[in-house]
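I've put the structures underneath this note.
What follows is a pair of complexes built around chain A, which joins chain B in one and chain C in the other.
Now for the complex of A and B:
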């Protein structure tokens, strides 16, 4: 018996290995997979009034001659997950999730509520949580179909666009799926996503879509979006300008830091938002001798602070009265100080609370000099 | 026991004790704690260390009095062969209850994240076979695995430090906001995680430096407490209490926040490390079960006993632990029962030693 120990062991191992292999699906070659790059999502109303979920998926088809083709396959069904079945019926390849870069959601979906598709994405353990999420105007399928030279798919292009948006316009970096998980469900937080449009010349970020819980509250234009981003994010960067007469203007590129103080008097909350701008003057026609005279510099700083303050107050008024939505995530700060799970609706509380903005502007440098 | 070969060093003792406590279940600890203690879950977790600390204190006391007898021998000594063996067998059962649970925990993580195509039975089979083989190799091998898995745990801790960049301190505020009652209530949910420190009662006779037992027991408790508290803290820090509830393995989700440009998904690296840690726990529990049985009956060291234990574990897991909810319900009962029994068992032994004024300490 001892003599054959190794052989017996080997035989057992082979049988065991063979057993493990049984009942497995065959793993396909990469050329035979539908590798999803961008996922769109629309709603379609049928004649009888029922709503259909339409999920177009853009995937790259790898060809032998090296030319990769962007193929769109659309699934249509009564629920989001069922659209997978519908799509597979029309497709020649096995559908493969896990490498998506972009989720394009239509405005109508956002109005309807993003909870259902969102839950479906959250459940899936193989999904790529690093993908960006944007809201679009019009049909999401058109966005995925659009042809851009030099790019395999438009999803690649839009991904790059969102990723690099944070260098200007005070955009944030957290528009990835994993950040959105945190924003939608937490107390006192609210969702704000980039809003893109397909114009004649291509894609463009034209503002921000702000949400009340999981439903679209409003779409802000780019100027309002800028103000909201300044007030919303702890750290951001972008360009600000003062325009005087025709040819009089000054552009100021700055980093902004936000600090919020929250106090409570009775039932009323009071917020003081401190904004600190620190940056450089990019071009200047308005203030003569800005780089040499201290008084001019101080005057500019004061003017700029006043301008930003006015803009912010205007936006906060709009937010409190028109949108009635806590898109600055102030509820989060209040909850962290005065306790969670008290059952308050932060959107309502913030709309009725006192919000003050203090702005400090500092000119750090003026470039090489003044021409 | 007399041969030098089987002895372990004090450092290995620390690693073994850390190894038995830290399991793949640590990834869902934030969830169970945050259900009650909310943002103060990490305080609850830190408080949970009372359980292993108590066990360690008793073990140190007993090991001073009887440095050469483990708890099974002591129970036979004080209660006679029959009752003593009966109590020992109950001790075996209380430890065995953790076996199916840890098999299931490892399986469900594996099947959710990386191998959805294997059926549960196959996963159990592989895990148990590896566990049996390692347990058969003896304590010295387990100790080495313990050292390796200690470094793996440290690696995971270091890798999770960058999460600090992505979260917010607002998520764990207000500190102490849920009140003392809820914090203490939350700490009872960590019993499963801190369990099985009782293994120290089987290990102390095998340590070659008897004077360092106290030191290494405290080190192990401190490290485990730190690790658990860190995991709960960092998960809460990243997600906030509302999102933790929505995840099943909170810590695994939190580690996904880390972005490294070269690696598409950090998840697989983490899950890979967790598999090794889960495997180690299974090996350890396997070894303890066999070790106790061996003490009750010398014949239990045969291959037959290994097959019975492994087969039983797979059978129970397959039949009763059909999904996570059922498992949670069963584990809730078994954990409480076995923790109460274990505490009772060691306390009774310690009290008898104290009352009888037995042992080595008296003579000196």
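Now for the complex of A and C:
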């Protein structure tokens, strides 16, 4: 009994001591913290040729009257991690990471390679893996500084833009940091991120930035991005148009499903991409009596399928010859079937393999019909 | 096989069955729990997560290469905590109207709702080009608010939508009130809606008329009505003229002010409502129309007649009738010779009486027919009398 008594006493002591210790830890008020919302990242070349990493962080300063202020604090140093030190010297508050919604990386950083900042991001356990990642044109600081009435920070706005981009233009949803870790690290996968620009009237997604390994390969314009997104993602949504002359057009808003088959003949791979579109005719002045006649509907479906097919093959040609990059992530499918870690460079293999696209278009709804 | 071992086998089977049932139950429970949670995970968005707009504009321009481009700005409300509301303009630009949605999504941070709009602003460049292509997209959309009001504006629609009216979160709310209430004073119809546009564009012998507005130095202002021929705007009339046009045109009770003025000291103002009837006859040379306007109302200011009795009342009624008739005939003259459109929708009456789909161009027929106007004014009240 005595033996137990001592042990129980000891345990109580430890619990009590632990309790007191946690009580002593200082808990800061929200007003005393810099709550990070958006993180930018730029590179700067010094006079002596050394590269400096510039990391501006946009944070909200909470005030009593409810009007919050966006403050930008920039750290400059020789490495990403050291920039924290530099930033703290300029700040009156403690930095609070873990709530950031957006990472804006400059185009120049992407060209330089993203492994280095990636390393720092990945190491940090408090960082928010659900934050979105975009590539921007020009200085990332300008993006974080831009004022939009009704929003605390522009990072809130851009986050919303990326989150809701998937409702049109066939954009995907996986532009979060955790997805990107996977995209960069897995075999046969490649990174593609939204590319935003700050224009006169505000932010705009102007295309996609595609990566070869960790370096920027090309920036696609919005039309090419659409085609790539159709071919790249399993499920997507967007609008397609057939245009004749000026007043002859039809708009088709559809959901797209992708299935890829992969076969191997000798050393050569062959891919068949099946695309299934299912959607609604939104505006139609081209096909008369589309809603009442089946033949017209079938003709439209055929025309549309042909048009999409042409567009896709055009993009694939461009990809194979110009970008030389597996931006459709076909290597992933081939690797899953024929073995990983065989030392194959999928970018090269895909550029030399045969890729075929089959398109099926279905009109589900026609709205109230044509006027 | 003896009976005891037979029993044993049976019990073993029973136990196996029990196990099977258990497994099935487990799977069922898993499925139920999964569906319950996955149903709860369906994107349910609050109103703050949508771009709610009170109105949008439709603009059309040609770019440097000469191709047509639509520019469709949405006036979007941004809700903040408390009572703070802001409005933002989000513009989509594309070669076709529907594609602007796709383009707009690249610039906006929320999904937008199409259909909750109260006001549509069409630019002069669009209505000059033709409404047909744009009417199709509105007609096709099952979610659109068919009672939304349409106005035509001078210049760019974006400027109208961006215009700040004090006390209002966005200008479309103000425009809606303007158009809706102009019918109480200016003999405006209450039917400048999308639904009405479909009907006017597609019916034989009818022509569309829409309020025309601009930004003057004092703010937003309705300056008249835009006249359409088919789906194109061809002309516009000022408010003073529009008054008499509406009186003859609209088959509904209209309200507004009339006045006779001799000089700055001698005048008479009258507030009343009008209703018109149309008679149509086919004669040898063409059609003959007679429009009878019944006006009933009160005298609200009068320095013209010193004394008010039965005799002067009759005199006043006659004078006012004559004045209305004169102004109406002036308008008809102008319509037949200058505008050359059937903006009184007389073709509709003729077509209903003498047959539709005969290939007649009613604009031309009405421009060449005889149109007579008769006004019957009746003074109801004179207030507390002359001062």
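FYI, the second predicted complex is superposed on the first by the 348 of 371 C-alpha atoms of A that agree within 3 Å, B and C clash if a C-alpha of one lies under 4 Å from a C-alpha of the other, contacts with A are read in each partner's own complex, and residues count from 1 in each chain.
Going forward, a contact is a pair of C-beta atoms (placed from the backbone, for glycine too) under 8 Å apart; a residue touches a chain by one contact, two chains touch by 3 or more.
Computed from a predicted model, the values in this text were never measured in an experiment.
Contacts of A:56 after superposition: neither chain B nor chain C is touched. In the superposition on chain A, no contact is made by A:75 with either chain B or chain C.
By the touch criterion stated above, A:366 is placed in contact with chain C alone, chain B being left untouched. More residues of chain A are touched by C (comparison of chain B with chain C).
Shared-chain residue A:338: touches chain B; no touch with chain C. Shared-chain residue A:38: touches no atom of chain B or chain C. Chain A residues in contact with chain B (one complex) as well as with chain C (other complex) do not exist. Within the complex, the chain B residues that touch chain A are 38-39, 112-113, 117-119, 122, 125-126, 129, 170-171, 173-174, 177, 238-243, 246, 256-257, 259, 264-265. By the touch criterion stated above, chain A contacts chain C in their complex at residues 66, 148-151, 156-161, 163-165, 167-169, 201-206, 222, 238-239, 241, 243, 246-247, 249, 251, 253, 281-285, 366-371. Interface of chain A with chain B (complex): residues 16, 19-20, 23-25, 99, 122, 125, 128-130, 178, 181-182, 185-187, 189, 332-333, 336-341. By the touch rule above, chain C contacts chain A in their complex via residues 67-68, 78, 80-82, 84, 86, 88, 91, 95-99, 101-102, 105-111, 130, 132-133, 135-142, 198, 201-202.
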